[in-house]
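In what comes next, subunit A is part of two complexes: it sits with subunit B in the first one and with subunit C in the second one.
And now, the complex of A and B:
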């Protein structure tokens, strides 16, 4: 008989850069699930760890410095702890900057949440020549303290044991921590807490004193919730808070929030007295600082940054090319096998041309994407990405953006291979609505993982000797467009002053392989899932649009009769020496007929008609109807551009004995030249974001108006740009 | 150089190259104030300014390094601490 295991829910919280995610990975390994919090786009990560009697359910809350209503992340973390009431909260702190990290821990204790403090990065503490008296800290904090080194998985077992032991003694209901906020605030706080207790104002959710503190901090979310609950009580509390704020301004020339922070930090220093000892002898300059002198040097820093970004591409091409061609070959073989085994007809065409070609084209880029994702994860986890933001803030603020805009840009594909959807979501860390809007609208210009295959393909064909350079130039152009367009937007339709840029620079750390692998796989898996679902559906849809309606009977009969004549010629060939020459001629005639049949079929289909309809205009930029079909499909998802071109060509040039890849086909096609390739690259880079990104824009900007704007503006801008480049290149090529 | 003038209150972006300063006042709006408080940049905090040249201001305090845009840094009023490094 097995007794059901008891489930313990544990929220992991902590400052950004405290190693929280590393600890989460160490605890849950690959048993993770990434989703979203309902209604908003902050990522929700959950994972499990099982012991003999228990299932530990870990929820990795977003990294925050505080529990105010400053950002979506803070609200999510706070609301989860308050509303979902996890059995335990583990606050992961960077022990090397304990003072600042305990600020969050205090707020959790003030909430009355059951807390375990994980003193992470104890190795760095020792390296710095510091010692921590953990037992003393435990006594003073009144909560369990566990030392960990998440990178090495140290302290994991002890943490799990502590979680289970605390859970089994559940009677231990703690009362919220009470900190004194001094003679100016304490009396008011008590008075407000009394009002809250008396009227039972939201006491079912929040501790009374905590609520009073939030009113003093004029926390927007709490106050609006309070007003809904009871306008009268809320007004009384707001009145009291305003009075004390005025008083503080008059007598102390400061805000209640600053006083609260001051007392909290005072409380922390008293907690840490004798807990932290520093070895004065070992006041040495740290490695990280030494490295940083070079990496953020005024002249060398930016040069090194460009070098690093360039290396990411070089590595991708050097290593990624091998598995790429293997996968391409495999799908090529699979398509041929299906064509060989199955009888000719619609089903064969659907399988081989619609599904295998379409999905194969998408999946063949997985190895490249994995390498790029791995590099990005390395840059992020090592702390270098924060330096990039630091170095770029000056430039960014010139273009009306924010130093933090770097993250959305890079995630969207600023280093080729991102995705605009999480990129747009990453913009929520920007507090200023204007910088945020400009970032959201221009981030989709970046080279996302779905556009990347188009660029890779064209670069390989038209710039075979300089692929890496071509890709680098594409990235530079994407950045230039994003920056210039945001400058334009910020000085026209989203005009307004700049907002504060504040960001932590974590010390350099060597990322763990496990962490890199998990990040790489998460992003790759998202891409594959998309390939397996949306893109498969779209591939089929597009195949149908390219197959139906079928040519009228008399046209088919005409082609049939033509090939019958040729068959006859072939059969009547005499057996002498001229035979080879004659046979070649007939065979090439037959091939010609097949080409024109396929061509006529495609031109006759719905897709062909749309493409042809657009051709008079699109030809200004050098695009024919085939490219038009692919570009229209690309609005659904950019991955589809390649697969549609693939389908268009495998249908348009039936040549089953010689299965050349799409690259080969484009290479052989005289219509394709460098000026068309360049024009297409520019258009794909800049035109309307994919449908999913458009939805994300609507959600993040809070209005479909901006989503519509992004679609129309970007497409017009892209077409204008491509046309200008194509027409100019005509003079030179 | 007149030493008396050096003790005057200036904004933190006026310092550079490892100078130590103490925060006297935060002349910031609600959003920036709340961020400064959460990071522990409050009146009384001793800060080392690591900035070199223009661009964002780079600060070290409470065992943490933080960069702040120049515009925001102008809101942090500080006094230099006598050199005893």
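And now, the complex of A and C:
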């Protein structure tokens, strides 16, 4: 009989840019699962590695520099280590800047968590002419140290062996590390720890000295939790902390938290004495710094940035166009096949017009999106994105945002093709509630992957010679709107001071192909999943809304009788060639009748009625009832706009034998002109975020009030803007 | 004579040793967590196109912060006439 394998849970932690995710990918390969931590939306990545006797369950904690309650990520990492008590914690450190990276390791040891230190990027250390005495470090830290080069998979085996050996020996939980915080803090720390021990104050969860430290650091989360547990004890501790804070201010003109940081870094310096040796001869100017002289140069930097962003488009259109049209053709063919094989009727219409046209329109953009996602992943992983944040911060702070708002904006579609949902979630790294809120509310203006098809379609029809330029202008307009609205919000309803911009500029690195592929696939899969579930359901719903109620009997009978008459005429024609003209006439009459039947049916349906109901107002911006149907559907998900237009025009179309693509139909329709296209582009860009994004806004801002605000405000703003542009263009076109 | 100046006033490529780090609460903690504490060698390695934020080299990595935050940091520079 097989004995069940024993499961080891390992939390993976480390600074951002330490190669933590690369190591996670190397360890778990494709066996990953992405979810969320309960209650909050910080991404939780899990993966597995199996050996003969063990299942290693890795949890990739969010990257943090410290374990204060500075951001939600730090809180998640800290709480996971404390509450879930993983069997082991692996701290992935960038060995090339060991000093700062150990700051986190120290705090983990102070928590008493069982730690393994993974000294990552050892190749960079050697390149820099540095050497590390790993054994000495291990001795001094009192924990196992493993050297790794995650991007080459080096050290992976040793790390796994270390994990298993530590587990097999079943080390009892280590006692927390004690660092001396000097003559001013140590006495009070001991005193507070004694109070905590004595009263058993939260000692079931936290080590006593660590709790005392958190009170000295005035950690909001811990103090509020403490007050709930025992107001009396918490007050005593707060009193002691306040006294020592006052004393520090009087005698040293500093704060306890500053002293704590000083001593931690002091402790690290002594740890690293003789551990790190530098070859003075080989001390050279960093390659990255050299590159930055050019890439963040006053003049050349911004120019290069614009060039890079523009290249992303060009690449996308150049490469993405081929698979795009292939997939489009495939779904066109599939729809025709269904129409040919199945008998006319509701089921055929549901399959061909509802599902295939709807989902096909969405899926055909997958290759395009993959290229864009790949480019974004490349910019992120190479370290260039941080430079973009650095160069743009001055501008962003002017609009009441933060250099880090660049990430939510770009993920949302600042470089066309993102998604507002992960974009809104990416805003979590912004600590200040005000900048975060402004970012969350304006990020949905960006060109997400779902709006992109609408823009691509219209650009291809109305600006065939300048597609890339048109898309670029659309992106510029989206940015301008987001920034101006943010400025408006930050100077009216979300007023307040700015948050610090303290950010690392990681050295430039060539991203690993594997990492890029995993990033690209994760995001693409999210899109495909959406297409398969929400969009499918909505496509069916919208098809139903456009099909029901069916026309009343007498109208159907009328059309029937009309075609019967024509059939009769056709049959009565003599079979010789002179009457071809007559036959053509009858055929075109029949076409006319079918066309008006389809048109009347659509107008009669629920969707048609809604669209028509809105038409008197929407016509100010140039939208007819068919566009209205699509836009209302777009509230549910932006992908629906294009699929609904597809369905609306295919239902209203006559010539089933000669299926013209949606683009072709719009091109032939005399109602469509450039001013309507421009107005529609603007409206789609700015109006209410999709339902999923609205839910994300509610969750991230902590209130449905803001979600409601986003829906109403954005729609009103979009409609005002579109109308203004449409009415102005009327004078010129 | 060694002089102590505010980080905001340092020039690109200028080196120095941090002497005072003010600032409290969230911002102070964030600055210190990243290793900006008294006694550390720093070098200004660049400024963003609009002069703000500033990029520093310290403890083998590069850090950026805004001038508003740099105001809390005083640095002893070798330069006599900065």
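Convention: the second predicted complex is superposed on the first by the 726 of 733 C-alpha atoms of A that agree within 3 Å, B and C clash if a C-alpha of one lies under 4 Å from a C-alpha of the other, contacts with A are read in each partner's own complex, and residues count from 1 in each chain.
Throughout what follows, a residue touches a chain if its C-beta (ideal position, glycine included) is under 8 Å from a C-beta of that chain, and two chains touch if they have at least 3 such contacts.
Note that the coordinates shown come from a computational prediction; the quantities given were computed from them, not determined experimentally.
The superposition on subunit A brings subunit B into a clash with subunit C.
In the superposition on chain A, contact of A:100 is made with both subunit B and subunit C.
Of the two partner chains, neither subunit B nor subunit C is touched by A:186.
Of the two partner chains placed by the overlay, subunit B and subunit C both lie in contact with A:393. Applying the stated contact rule after C-alpha superposition, one finds that A:501 touches each of subunit B and subunit C.
Legend: residue contacts after superposition of the two complexes on their common chain; A:301 is shown touching subunit C, with no touch to subunit B.
Once the two complexes are laid over each other on the shared chain, residue contacts for A:265 go to subunit B and to subunit C alike. Of the two partner chains, neither subunit B nor subunit C is touched by A:243. Under the contact criterion defined above, the residues of subunit A that touch both subunit B in one complex and subunit C in the other are 65-66, 68, 70, 96-100, 103, 217, 255, 257-258, 261-262, 265, 298, 390-391, 393-394, 397, 403, 431, 498-507. Listed in rising order, the residues of subunit A touching subunit B in the complex are 65-66, 68, 70, 96-100, 103, 217-218, 253-255, 257-258, 260-262, 265, 298, 389-391, 393-394, 397, 402-403, 431, 498-507. By the touch criterion stated above, subunit A contacts subunit C in their complex at residues 65-66, 68, 70, 94, 96-100, 103, 217, 255, 257-258, 261-262, 265, 288-289, 292-293, 296-299, 301-302, 390-391, 393-395, 397, 403, 431, 498-507.
By the touch rule above, subunit C contacts subunit A in their complex via residues 21, 24, 26-35, 37-38, 40, 45-46, 48-53, 55, 57, 59-66, 68-69.
Only residues 25-26, 28, 30-40, 42-45, 52-56, 58, 62-69, 71-72 of subunit B touch subunit A when the two sit together in their complex.
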